[in-house]
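Read through the structures below before going on.
Each of the next two complexes has subunit A plus one other chain: subunit B in the first, subunit C in the second.
Take a look at the complex of A and B:
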């Protein structure tokens, strides 16, 4: 198993390399970020040239890529790729340097780090809720096939799966956060009148002083975005669980278990469910990258200061170093979630052996 | 079977002499599906004495497996429905038991061996887990004792290195080994009746013979009654005492192995025997029963075999015959054995003699 994991890690290297190439090219086909100053009468050609030189935009594309990767640098290539501790360079993603935002000059790693926690709070909460509900509802619907619950879930699934997230989010705001109901706040992570902005130093001081209020406030703000994400995801996942469970319940070994005198509850929860969850684990594992990349539409609608919203903002600013950083994190998490799903599969299914 | 008073039986453990262990009377199992109702089993009667062995024979779709599943009450309801009849087992009508009472019968008093050892064992649990689960359910033992009994039961069915096998998963065992494990699981709680539903169909011929030998030996040693369900006449010939032949949800012929296989009294049984390839028939076309199994939604009037039967006459499509006693002591659902059929019996008997000659006994 360890051998398998190591081999998969090594296999991931060329994949990740290709991902960096595509990410880089994708970002540069949209043009030179300096060009957005071209229409500005108060910016001179000399200033644009200085901007381009400062950001290395006047280098040929392959050299730009090479520098971003951290292979080319101040030192010879062979030396530059080594870790800084061994006398290598300190530039480029190989050395953990994602560059600076062309919009506000902050380190890309700082920008992402600041957005990561809000995204994780939102996505992990939603993920735990939808996976739990999808499994429970899917299993129950399969056991009570064609019952009122099953039909109800089927209708919910079709409707929920067809709903665009932006529309669902806007409807939730329209009905639940404006008068007359005003049950839940429509935007942000906390109440700006009572609480400092999330993530700032004063927020954490406030959090230390009023932990219960801070968590309650955060929870209130979580309700609508989580509801939006959960509705759409349950619709897909519970359908998957249901069909997997139905498949499992029709297997011969379930009949064998009944013929042994195993109580029905145990037949369902032990014999059928254990087998039905095998494909579900893969499916749910492959949803993990979403936790890190964030929910672009939902975060934008609910003004949630996470990765997804940062991505949209950076697109607006042609802030390609930040965009490349976010895309790279999403790509890396997809590669590792695939590996995790495969490893988990081998852990739970004795028939699968890797070596 | 003679009439039995089912009212007694205060002590379910006591087996009254003369009383059959299993007595299926007028069993009707229907399936209500979108296109109508399939009468998969329509009035089946048979019984098994304690320690007796009965073979239920017929081609695919004749209702033999549904009969077995009805006895175990493993029919999915809906779409299935046990529309009528009684299943007396050891003094109780199984169809009247509560779900929890039935659960103790399943596995504990009646155990089942299925056709497909590849899919009948749960792939994610070890062999030992699956056998001890049955033991734990029906016996007052702890996990350790159950695990030991699982090893013993594997040893009893001739599995080599049972201590190692209990820790293995089904996919690590060969088909024959898995079927042995299934049999070990079935016998682990000392049931009074074992229902084996096509236990050898999915196995290689050499393994088939081994498994049949094993079933026979275990049956003789433990005194467990056996209901063997198969489409293979050679399998029943070697394994059971009495045979019931099913066709289109009914028993068409019942008798001892010798009666049924050496002197068939129903044209369908004769047809089955006639289609066995034999050495003496080498070079000739294989004989088949003409026609096809009737559509379950549109069963023919009268005798269900009548459209395919070479001896059929008007009476056969007018009404369905009862199970009539045949001259050799067996029972046959055929008008050839009624007074009206006497004239036609000679031709049938001649043809049977020719069949037996060609099959070679």
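Take a look at the complex of A and C:
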């Protein structure tokens, strides 16, 4: 078992390495940042050369990559998460340093940390709701096969699966947050007229003074984005749960349990459900990276200040360091979620062989 | 197939109809009501895209007559006018005051072209890479599959947005290429897994024994046997690419609205006006996407049942 886990982790290393190469190249196809000064008549060639030398842009590409990793720099390779004043900041990604944003000069880790909480608030809320509903609905539909509920869920799944997320969000705004209804706010995390901006120091002071109002306000703003995410995500997951549960209900051990006279409720909950949830765990586990990389589409539509929106904003600013940071976090979390799902599956299902 | 009757006269004739694999699949597909409905829906939109622009009275980028007010009201026409308004069945859009129906019909052209083109291109690439990887195995397989692993580990939408912005400049051909060049790894992995089992079949040994070249075995002997799942996945990815195009154009890095309307960039322009309550502008282009995607998904499910009867629940 432990051997299996270790081997899977070792297998992940070349993929992680190639991900850093790919991310690095992806950002370098965008061209040399110094060229943005070339149009300016008052900037001399010597100044551009000095700029390139200052930021290491005149190094050969492999050396630039090596420095970005933090292997070819002048500092030892130890994980260094210290603030810039103590020697951290731009030692390379292996030190936990992603450098500075070229848009506003802040540390990339600060930019990402600031966006992480809003993303987690949105995605974790939505995730808990949709996984719960998908499991309940999928199991109920499988138990009451061919019932009205089952057909209704099938239709809902087809439609939900075909709805583009961003258009659903637009429609919710169009019909629920503009006159005549105006039930829910269309954008942001809090009401700009009554509350300081989310995440600022004054917001937390305000939060301490009026916790109930602040939470109510946040909840009101959460409704539409969460509704959007839940609607499109239930579709795929509940379909998966339903078919897994149907498989499970057709197994011999379920028939045996029924034949022994076990009450139907117990057959469904204890015999069938436990085994039906095994593949569901893997499926739901593979959705975890989404919690960190953020719901890029939903955050864009509802102006939710999370990672996905930061990514779109940084694309607009051609802000490579931030883009690289977000891409790396997203890719690495996908690799680890795959690993976790495999390992988890091997743990819960004793039939899986470790080879 | 024509019935093959014996030459000898008989009291009764037995009509022997021999159907090949594809004819059998077509017969199963035809009986699948939902799939036929989906195919009809999709083909309707293809027909609209092909012939619609010739039938409609307005040019796609022609403003017929800028109005001050919507007909019969005192609402400023600059924000667009609601549906069923003076010959504009779906209303007009704000700003340029173009006819929304004309925009949606013209938008169908590029949205469908990009969806179908990118899916087809990605499938060809995926089949080539997956086929070579699965057939040869060894270090070729290891290298190609590591590349696939990396591309599948990157959040696809994030990468597409970066590429679309850097290379795209609103050109739909580049957007199509970007989708295809980033969308093939999933299909490659599928084709590889099919090849891993198919390459051990006897007919492959037989072909190799009579000296057929490797590439010919891959593409003429094994690939036809792997076609069914590839067709299903390609069909479903048409829907995925249509939605992706719509989102990328919506955030402004896709196809340029000034030259070529697509469903995505119509929605992009609509975004500014939804807060004043112009519901028709975002509604109709989006409905076109939903109906097309729904049709493709129905069709894809039907194809899966028709091409691989064993996969039925």
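Convention: the second predicted complex is superposed on the first by the 307 of 355 C-alpha atoms of A that agree within 3 Å, B and C clash if a C-alpha of one lies under 4 Å from a C-alpha of the other, contacts with A are read in each partner's own complex, and residues count from 1 in each chain.
Note that contacts are C-beta pairs under 8 Å (C-beta built on N, C-alpha and C of every residue); 3 or more make two chains touch, one makes a residue touch a chain.
Predicted model only: the values in this text are computed from it and were never measured.
Asks: Sticking to the clash and touch definitions up top, decide whether subunit B and subunit C on subunit A clash or fit.
Replies: Fit - subunit B and subunit C, as placed by superposing on subunit A, sit side by side.
Asks: Which chain makes contact with more of the residues of subunit A, subunit B or else subunit C?
Replies: Comparing touch counts on subunit A for subunit B and subunit C gives C.
Asks: Of the two partner chains, subunit B (first) and subunit C (second), which one does A:66 touch, if any: first, second, both, or neither?
Replies: neither
Asks: When the two structures are overlaid on chain A, which partner does A:29 contact: first (subunit B), second (subunit C), both, or neither?
Replies: second
Asks: Return first, second, both or neither, reflecting whether A:255 touches subunit B, subunit C, both chains, or no partner chain.
Replies: The first partner, subunit B, only.
Asks: Should A:271 be classified as contacting the first partner (subunit B), the second (subunit C), both, or neither?
Replies: A:271 contacts subunit B only, not subunit C.
Asks: For A:137, is the partner it touches subunit B (first), subunit C (second), both, or none of the two (neither)?
Replies: Neither partner.
Asks: Which of the two partners, first being subunit B and second being subunit C, lies in contact with A:322: first, second, both, or neither?
Replies: The answer is neither, since A:322 touches no partner chain.
Asks: With the C-alpha centre of subunit A at the apex, what angle separates the C-alpha centres of subunit B and subunit C, reported to the nearest 10°?
Replies: It works out to roughly 70 degrees.
Asks: Return first, second, both or neither, reflecting whether A:348 touches subunit B, subunit C, both chains, or no partner chain.
Replies: first
Asks: So after superposition, what is the minimum Cα distance from subunit B to subunit C, given in Å?
Replies: Result, nearest C-alpha distance in the overlay: 14 Å.
Asks: Under the contact definition given at the top, report the residues of subunit A touching subunit B in one complex and subunit C in the other.
Replies: Overlap of subunit B and subunit C footprints on subunit A: empty.
Asks: Okay, in this complex, where on subunit A does subunit B touch?
Replies: 251-253, 255-264, 271, 274-275, 278, 348-351
Asks: Give the list of subunit B residues in touch with subunit A in this complex.
Replies: Checking each residue of subunit B against subunit A gives 72, 74, 99-100, 103-108, 111-112, 114, 116, 119-125, 133-134, 137-138, 169, 171, 182, 185.
Asks: Tell me, which parts of subunit A touch subunit C in their complex?
Replies: 14-15, 18-19, 22-23, 26, 29-30, 158-159, 161-167, 170-171, 173-175, 178-179, 186, 243, 246, 289, 293, 296-297, 300, 311-312, 315, 323, 326-327, 330-331, 334-335, 338
Asks: Provide the residue numbers of subunit C that touch subunit A in the complex, in ascending order.
Replies: The touching residues are 146-147, 149-151, 153-155, 157-159, 161-163, 165-167, 239, 243, 246-247, 250-251, 253, 267, 270-271, 274-277, 279, 282-283, 286, 289-290, 293-294, 297-298, 313.
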